[in-house]
Every structure is written in structure tokens, then in C-alpha cells.
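Take a look at these structures.
Two complexes are shown next, each including chain A; its partner changes from chain B in the first to chain C in the second.
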Partner chain A sequence: MSVIAPKFKLSEFIKSILDDAFWTILILNLIGIPAVMMILFFIEMPVIHGELLTPFLALSWIADPTRTLPIIQSFMETDIFRVMAFPGFGFAALLAAGTIFVERKMLAKLQLRVGPFYCGKLEGILQLMGDGLKLISKEIIIPAKADKPIFWAAPVIFVGAAAAFVALIPVAPGWVVADVDLGLLAVFAVIGFFPIITILSAWSANSKFPFIGGIRALFQMVSFEIPLILSLLGVVILTGTLNLSEIAASQSNFPWIVFLPVGAIVFFITMLAELERIPFDLPEAESEIVAGWLTELSGMMYGLVQLGTYLKLYAFAALFVVLFLGGWNGPSIVPPFPAEIITDGITMGPVTLKVPGLPIFSQEMLNGTLWFVLKTVGVIFFIILPRGVFPRVRVDILLNLGWTKLIGLAFVNIFIALGLLYAGVLGPGGLQ
Partner chain B sequence: MADPVFLALTVITIGSAIAALELRSLIYGSIALMGALGGIAGFFFLLDAPFVALFQLAVYVGSIAVLILFTVMLVKRELIFKKIEDKRRKFAGIGLMLVVMVSLGAVFLDSGIKTITTDEPQVNFRDIGIDFVTYYWPALILMGLILAGSVTGALVLAKREDVENDQRTS
Partner chain C sequence: MTTEIMPGLALQKVDERIMTLNVGPQHPGSGHMRIVVQIDGDYIVACDPDPGYVHRGEEKMAEYRNYITNIPHLERPVIHDSCNVLYPYVLGAEELLGIEVPERAKYIRVIASELNRCIYIMYWLAIYGIFLGHSTMFMWPAGDREFLIDLMEKMSGARVTHAHFVPGGVRNDLPPNFEDVCLRQVNYFEKRIKEYAAVFYDNPILISRTQDTGVLSKQDAIRLGTTGSVLRASGVDYDLRVKEPYDVYDELDIHTNVMKEGDAYARSRIPWLDMMESCNIIRQALQKMPKSGSVRTKLKPNPKTKVPATVYKRVESGRGSLGCYIVSDGKTEPYRLKLSVPSFRNLIALPYLLKGEKLGNMPSVYWSLNYWPVEADR
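Here is the complex of A and B:
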């Protein structure tokens, strides 16, 4: 029987751990903390309790709990929090990661399989973490005759474009990374980048399967962009604005899907095609062309493309929610924050704890986020549902569908919107 | 002192335009062309015209550049291009370009473009729309007819069935 470490000695093991701890503390004290202080001198610091938070006071929240919440609150108002954490990348990546797991498990249940089962005690719940660790630790293999700069850059740019798309989505009133006046046009501009990245990545691999997949992706994405853009014009006509926050706010009484169901259906189908989901997954048809344009990507490069794909999926589902399902609007179901905690503090026996800086989130924001997430998760469910049910369509049927039927239906949708507008039912001067 | 953003955009646009012409690799040339078109979009952003800038991105970078890439990838370039390396012609071309650019610049600077005030209120895209349906309506209808014609033509082309290929008859 072989042993992993035949010359193991407990005393040397403890010594090595103590050694590591010593050097970590030493390096942290000599380099880490001075570096943090130097960085803090260049950052604009907030005012806490009527006093500017200087870098000398910056770490005082560790010792003084009454400062913790105000510092967190002021941090949440910064742009970097919005980009990295809440309405931006972190929130979207969390939802995207959840989508990957739910998709695998749900498809398995639909097709009477078990799906991920052994990783983690309960129903394979740690499968995603295992997959991520595997992808990170895997070797990245680049084909010998690949065009290396483009091949390396493509997955990164793909994630970047998906993150730019996510940044335009308003999650709750006022909670959006980039509140652009022409938000919908910016969405169209960002969507236009995906075919370029796909075809460049496919070409640079210098291999047949990725190239066929890339050409298919280009065909599909470029031809479905037209009905996608046309199907959204109905909403723009009725709201009279291109700002996504205003479009979401205009649906406080009823969502636009009530009046524009044709546009919603066309947008949903084009969305499936843009996302390369079954039944339109010709670019990565795994039974014909290995994995399509992803064939030569390995290790974390594949992981990045996968992350970008699911970020894009979240962003499209969120765009559907914002445009057709009312965005954050919904009945108020989150209870208000108890007022006596703000005024009197928390009383536990003889101890009274006064916590300044509560509540962290307003009731409106929590309610909006809850409804937004619920609707988005519902739309994501309907996006991944066809994968368990439908076969893949042929490429000529796909192009025929896009160029003849969907464009016609999108024009029908525009005429419905114009009819409602000129009849005075809706739009500026109507019910709104 | 010129705006650093403006200078950076100028360098990107002109540099990638030159690269688009001079690079031997057609793919890198078309990527450089995308850079040049994106730089022009950046100029529109600087000029407070985000509407035009976003359309520049969506149409030129998103569609035209894709078409160029597509053509470059599918065409065997050995059949149409013959490599002619001629140093003198290259330098003569660069010199001609410089002469043209300098003379055009001199004309522009001489034409009184410096005296134009730039504190006009920003033109809203709603105003553009209102102008289109009132004063410029013939142009709008002409554009609409042309676009409708091209869309119909595209639909007819997509509907056309190759009768000879009996595997595809649906």
C-alpha cells in the first residue's frame, strides 16, 4: 500500500505551518498595510459622523462597530460598488452561475436522469464549484498554427462585451450602472459586437470545426439582429423614450406584453437565436461539429466564454423583463424596516445597541430587486426549457424563419403599436 | 492645450486607418478598420452626439465590419491579389496622402471654421425626428421606400428556392 508522504513527521509539519504564519504576518506588516495606506491617500474618502474619514481612521471600523455600517453605506454609493457588485458584474455572475447549475439539474429531471449528484452531500450542489476548480487548474492548450493574439484576446473581449451589456440593465429604481439616455441603442451597439468576437475567435483557432461553427454563428446572429431590433421598436414608439429606466418606470400600471404580445414573442425567439440556445444552437452543434466555435478553447479560456455566455443570457432575460414584463414594478410585499430599531436601537435585556446607518437598503429598492429577480428567473426558466424538449433546426429553416416570418411579425407589431398610439389609447397623450 | 481624450482618439483613428491600409494580413487590416470606425464613433461622443455615435457603432462596427471580415475569410486571396512590393510606390503613396491631408487641413483652417461657436444647445434626437416628419418629409419617404424595397428584395432572395437541389425542397 502506497503512502502519499512516506517521510511525514508531525513536528516538521507544525514547524512549516508556523514558518508560513510568521512570514505572512511579517510581509503583511512590512508591505501590505503600508501599501493599503498609500492607496487610501489617493481615494476620495467619505464623511462619517461629521468627520472626514482620513486614511489614519480608515481601519477604525474594526474596533468601532458604530462606524462599520456608515462606511459600508458610503462604499455602496460609489461607482466601483455598482460596477463590481450589485447591479453590475457580481450580481449578474451570481445569477449566471445559479443558472448553469439549475439548467443541468432541471434538464436532467426533464429527461428522467439524475444530473449532477455526487459533488456535495445534497443533490450535487457543489458541482459548479468543482467544475470551476477543474477549469482553473486545467492546462490551456493553443493550437500550433493558431493566430495567438486574437485567440487569447477573444474570450476576454467576449466577457467584456457581456459585462457591458449587463451594465445597461436597470435592476431597481436608480440602481443601474450606466443610466444612458439612449440605453436601448447602446444595447443594439453592444449586441453587434458578439458576431465579430465569435467569428474572430473561430477564425483564429485555425481549425475546421471552429470555423464552420463561427460562420454559422455569424449567419445566425446577423440575420436575427434585424427582427430583434424591429421587435423592440413597438415599445419605443409607445413610451417615447430609449432610456431603459424610463421604459421600466412607464409600466407601473401594466406591462407592455399585454398590448404587444407579438413583439414579445418575436423578441423571445430572436433572443434564443442570439444566445445560441436549442433549438437554434447550430454554432455549437455538438453532434455534428464537436463543439462548434468553442472546440479549440480549453481550460479557463473555455470557462471565460461560458461565463460570458451565461452573463449574456441573464442580460437578455433582464432586457425582456425591463421591456415587456414591467421591470421592477410589482405589488409591495417587502415589509418596511421597523422604525423603533432606527430610533431606539436594539434592546436585549439590560443592553441597548444603537446602530447608526440603518436601514442599509430602502424598502423600494428591496421590493424592486425582488420582483426583478423573480421575473428574470422566470424568463431564464423559459429560455432553458426548450433545451430539454426540442431538437435542433436545420440552418436553412432557421434563416427562412428569421428573414421571412419574424421580420414580418415584427412589422405587424410596429403597426399594432402605431395603431394604439394614433387611436389615442396609449402612449404620450393616452393612458400614460 | 488640446484635450487628451481628443488627442488619444485622433491617434487611434488615424493610426488604425493607416494600419488598415498597410497591414499585410487582411484580417488584422479589417480589425484595424474597426478601430478607425470606432474612433470616429468616439469623436461623435466628444461632439455630444451620442445618437450618431451609437449608430456608428451599431452599423459600421457591428455590421459593415462584419461583412468585410466575412468576405475576407471566405475569399481565397491568392486568386485576386498579386503581391507587388515596391518601396518607391509605397513612399510616393504616403507622400501623396500627406500632401492631400495638409492641403485639405489648410483649406479647413482658412475657411473660418475656428470662429464657429460651440455653445449651442445640444440637438435632441426628438428634434431630429420632428424635423424629419415636417421639413424633410420627402427625403424621409424616399428613404423609407428605398429601405422597404431593399427589405422586400432581401425577402424575395431568401424565399427563392433552388429547384435543382432536390435535397432541400421542403
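Here is the complex of A and C:
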């Protein structure tokens, strides 16, 4: 008798397989078809050669590239693609995941160890996925006397606020989720949300260590928001706009860090404090207050907060790039798409195809994205680096730094900007 | 505001401004103990260290084992400093049993003791680093300890709990070529710990955090009975290796590191300087050690003390003066064995140091006391 399956019966086995198949098909139909329909609802179906492309012709799209490419292109012009995939959440989450991997490996090299090594065969590249699976599979424990609705909602709102921040970042010319004229003001508004979410989560946990951590986070974020906003005013004075895309476009000749290095330094330091990264990770100081305001969060709630934190890290680094390092501007390194393919088509064996809309992404957009990603990764590297070098500062030293030194330096930066503007170095009649 | 209604049961009036925090025993910044901290905002009003979570009954156990079988369990209180924690017992047992120790064994003991001191301090330093949020300072000492642990493994066969010192000498002779390997590794180790200055001890954030926090004056340090690096950081020139030399320490040239500040920074710097001094001592001992000879005076099985006697011996361990008081009634087991441990003596200073400090200073002050919870509980 088999030990593994003592009561094995072929009929039962076949029945279970049929059961599984039934439920799989049912769930796919119930979820998949509405999801596909919802996506299709947002896509404006193109008319090609006098024929409206419909989902019913799906099989013929796969076979015929002349029909596939226009569909993909029209899909990429929809808002849902921008929000979910490219300049929005998916792109940011991909960069954030890369950040976590690089952070782990880089710190490991700095500290004479190997870091994640086994998961995913290649230098532990799947470690993050393993961590995510672990967090999802863990039980979510809510403290008995917690304010449950707020406690549940706080991590979700945290990720939402971080995603809203990401949505304001222009990645390439024209590629931004929300191109608002008061973009920088919207950024300040979103940043203003984080201390509120933090203190709500900490207070609703009804526990001592999260409470102290929440108060610390509140202190830190509120006192560093003022130098943060002040340090960005120099750029606004010089460009005369709050639109982030226009600010990025205004740096086609030189990045603002050349003229406003003081503002860039102040913004970088305040950024570290807003992100709660070492040396400013007081709200999560584990040797004093366990994990600060994250102490009572368990399972995927903690995972969501971590996701939000790294999205925020990407967004701040991207904001630094847009405001001080010239955004997408840079020398052209992506070769232009060969024009003869568009006009003459590709010869594939006996068939010559003329594919409409062949360069899915324009050269400008690819080049801009490449420069943007390179610069952002560079800034993220410098955000990660202090973690291996510095210990944690103390609350009073931190507040002293924020309220006296950084605000003073931010005003110096504003005076530099005003001086440049009125001396006519920049602006009309000057360099630009 | 405490009124005692029965012995051991007290009523305390609650002040609404004061929050009581139980730091430990399940807390990443406490170790195997609890610190009951009362805070007013960010300031610590009162602090009550509560050791005793890892009491092992070492002293009682020693009364049921003879002088040889006491060796392995008596080094358990501080396994990272196991040679030093066993040293006073071995010295005392030798005096009770009336054994002479060969000259070479004395030098081997000094080398093992200094290596173990460095191993302990590196572990302590790693935890001090992570308590201050400096993860590199956790990994580097934890990795560099390995050089010395490998040396101890070559010498005694065990990596952490060596049980190498026995009454009458040491258990085994050194392996061949040990002197060269030891000299090479110790030289490299010294070069390596000097690099810590750049990343840790000269770090402006560390200095701004630990300087002028938890200041222990010279008078208070003596009055509270602190010992070891805490005492030396407060400006008292006190090192048992110099003041009451045991074994062959009187033949070696030892420099005592003393700092006057008495703050957490000085207390964290003294052990680091001690490690460099230990490297010097090891080099001297390797030079002066007799190249051959016996390392152990053989004992009879189940040795007995000749007459009822008491003995108190103390040595300078990685944390300070560590004493062992043995009462013998002429049998094969000690009648009573008492360990006087430096950790407990240093812990007494904690409530005085933390009063009025900020909560953020708690880990830096607490761990700068060179405290080892298991040793304090025995």
C-alpha cells in the first residue's frame, strides 16, 4: 500500500481535476472577462483601412502586425496605461524593487558580506519576491484596543499618497500622469499628507512605542517640510513656473544645480529626513522604540508601508532630478529609428510589410527616459549610501539642524536666486 | 509618591505626564533584561534596571561539582570572554590545591586571556554600533572577530567556549607554528581596528550623539563601585593587570588607557584602546614565552584541598575586575563559590546616568556601561 496516498482512487482523482478546471474557468470568466472589457472600454478603437478593429478580431491581430501595432499604440495613449504602467505606478514600483535589491547588495559589499545570495540563483535577485510572499502569507494581527478602521486604512492611504506623489513626476517630454500647472504645489500638498497618515497609524495602534515613533515622525516631517519647501523656491523664482514639466524643459542648457547648489544640498538633506532614512531614521529607531510607528503593523500591512516608503524614495529622487539635475534632458544617445522601414517596410522572406506606427516610442521619449532613469538611479545611490556610513542622530540635534541651519541655508539659496534673476544672468536677456 | 501598604507591595500615584516604558525583555535594545523607564516627553525621569531573566544558578551548581568538573560550566556566564571569566576560579583553585604552574603555561594563559578580551570587546562593539543605528559597525567587528576566534580554535580546539584553563596550567600545549600565525593575525587585526576610527570613532554624528551624555564623574564612579572601562573612562587609573598583577603580567609592559571625560563617548572609546593594548601585550608575551616546556601540572583524579580554607582571586576581564571567592571545607567540592562580576557593578550606575537624559540617549548610555546581562545574573 502506498504511503503517500493510501486512499487513492482514479475516479476521485479525475473528479478533483475536473473540479479544479471548473473553478479555474469560472473564476477566470468572472474576473478576467470584466477586467478585459474594462480595459477595452478605455481604448479608442482605431479605424485602419476603413475597418474598425474590435476585440472579435483579436486572433487576426496576433497574426498581423499591421493591425497589432496600432492597437498597442492606441492603448499606450490611454490614461489607464499611464497610471498603471509607464510613467506611473508600474514603472515606479519596478525602480523601487530595483532600489531594494541594489540597497541590499551594496550595503552587503560595504559591510564585507554577500547579502541575499540563494533566492533566484543569480545573486539573490528574487529575494524581494520571497519577502513579499512571506509578508502576504503572514497573519495580520490587530492590537485588541486599536482603532480598527483607521489602523486598517493607514497603510493603504500611505501607499495611495506615495502613488499620488509618483503621478506628478514627468519622466519624458509629455509622459506624465498628471500634468498640472501647479505641479510643485501639488507635490507639497502630497508631502503634507505623510505626517498625518503616520500619526494616525501610530495613534490608532494604541500602543506606546508606535505612539512615540509617530510623535517623532511628526516632529521630523513637519520641521523638515519648511526647509524643503523653501529650498525649492529658488528654482520657482528662476523658472517662473510651478509646472514640473516646464521646469524640466527649462533646463535644456544647464541643470539648476549649477546655479543653486545650496538649494540642492538643503533639499537633499531634507529629503533624507522626509524619507526617514539613516541618519534620520528616528521614527524607526529599533534600539530605542522597537520599530517606531511600524511596531504593531504585521503581515502585508507592513509590506504596504514598505512599498509606499520605496515609492516615496523613488518619487523624491525623481523630484530632485526634475528640479535640479535637468530631468530628461541630456545628449542624444538613442539612435533614431531608420526611416526607410517606415516608408518602405521590412522585407521578411517573400513578404514585404508596411507597418503603420512602427516606432512605438519616439526617439525623444526613449532618450529622455534613459537619461531620467540614469540620473534617478544616481540620486538613489546617494540616498542609500549614508546607511552604511552614519549612525542615527538624536531628536534634539535633528530639530536643531532643521530649524536653524537648514532654514537659514534655504534663505541663502533664495537670495542667490533673486540675485541671479535681478542681475540679469538668467531669464529674459540672460542665459535663457 | 510611593506608599508601601505591605512589604513588597506598593501603591504609586500616577502622574498623567509620565509614561512608563518597559524596555525589554522583548525589545531589540535591551538584551536579556528589562529597563523600566519613566519618561516625561522625551526626558527620562526615572529608570529601574531589572536583571535576572537569565539566572543560571552557576554558584549553586559549583557546590556539587569537583574542582575539575566546575571548569566547563563556570565559563558560561560570558561565553565570549570565557578564558577571563574562568581565570579567577582557576587561580583560586590552584592556591587551594597547592599546585605550581609551569612558566610556559602562564604565558599561554596571558595570550589566551588577551585574545579573549579582544573577542569580547569586538562583540560588545558590534552591539554598540547597531544600538546607535550604525549597521556597518555591526558587521565589521563581527567579521573581524573571526581572526582571533580562529586563533583560539587553533589553541584550544573550541571556537567560543574553550575550557582551556585548568588548575595547574592549560589543557593543551600550543600547536606547532602557532607563534608565527598568532603574530601575523594579531598584527593584521590591529591594523584593521585602527580603521574603525574613520568610520565610527571620528564620525561627527557619533561624537555629537555620545559626547556629554551620561557623564559619570570621578567621585561618583568610585562611590558607585564601577569597574573596568567605565572606571577608567572617568579618569581613575585602575587596571588589575598593573595594580595586582597575576601570573606573568608583572613581567610585561602594560599601558593603562584613561580618559577624563566620563561620558558615553569616553566609555565607548576605552575598550577600543584596550584592544590595541591587548595586541601589544600579546606581542610581548609571544616574545618572552619559553619556547618549550611543560604546560600543565598533572593532578590526581578528584583532587582534594588539604585543609579548610578560603581564597579570593580577581582578574581584569573585558568588563572590569572579576573576582571569585571560594570556601573549601577540605572535600573534593568547594563548600561555597561566589562570583563577583563587573557587569552587575557597572549596571548600578545606570539609574544615576540615565536620569534627566533624553530617551534617544538610552541605548548609547546603557551599552557604554560594558554590561553583559548573563554575567550579571550568573
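Here is the rule we go by: the second predicted complex is superposed on the first by the 361 of 432 C-alpha atoms of A that agree within 3 Å, B and C clash if a C-alpha of one lies under 4 Å from a C-alpha of the other, contacts with A are read in each partner's own complex, and residues count from 1 in each chain.
In this text, a residue touches a chain if its C-beta (ideal position, glycine included) is under 8 Å from a C-beta of that chain, and two chains touch if they have at least 3 such contacts.
In this text, all values refer to a predicted model and were calculated from it rather than measured experimentally.
Trainee: If chain A is used to align the two complexes, do chain B and chain C fit next to each other or clash?
Mentor: Superposition result for chain B and chain C: fit.
Trainee: May I ask you to decide whether A:I80 touches chain B, chain C, both, or neither, giving the answer as first, second, both or neither?
Mentor: neither
Trainee: Output check: A:I397 vs chain B and chain C. Expected answer is one of first, second, both, neither. What do you get?
Mentor: In the superposed model, A:I397 contacts both chain B and chain C.
Trainee: One more residue to check, A:E286. First (chain B), second (chain C), both or neither?
Mentor: second
Trainee: Answer with first, second, both or neither: which of chain B and chain C does A:V389 touch in the superposed model?
Mentor: Second partner only.
Trainee: A:V258 contacts which: chain B (first), chain C (second), both, neither?
Mentor: So A:V258 meets neither chain B nor chain C here.
Trainee: Given the touch rule stated above, what does A:L107 touch, chain B (first), chain C (second), both, or neither?
Mentor: second
Trainee: Please indicate which partner A:F193 is in contact with in the superposed arrangement: first for chain B, second for chain C, both, or neither.
Mentor: first
Trainee: After overlaying the two complexes, what is the shortest C-alpha distance between chain B and chain C, in Å?
Mentor: So the smallest C-alpha gap separating chain B from chain C comes to 5 Å.
Trainee: Let me check the overlay on chain A: which residues of chain A are in contact with chain B and also with chain C?
Mentor: Shared contact residues on chain A: 396-397.
Trainee: Using the touch definition from the top, list the residues of chain A that touch chain C in their complex.
Mentor: Touch list, chain A to chain C: 107, 110-113, 208-209, 212, 278-279, 281-282, 285-290, 387-397.
Trainee: Can you tell me which positions in chain C touch chain A when the two form their complex?
Mentor: 19, 21, 27-29, 42, 129-140, 143, 199-200, 203, 205-206, 208-209, 358-363
Trainee: How about chain B: which of its residues touch chain A in the complex?
Mentor: 27, 31, 34, 50-51, 54-55, 57-58, 61-63, 65-66, 69-70, 73-74, 125, 151, 154-155, 158-159, 168, 170
Trainee: Which residues of chain A touch chain B in the complex?
Mentor: 147, 150, 180-182, 185-186, 188-189, 191-193, 195-196, 199-200, 203, 211, 215, 218, 222, 225, 242, 396-397, 399-400, 403-404, 407
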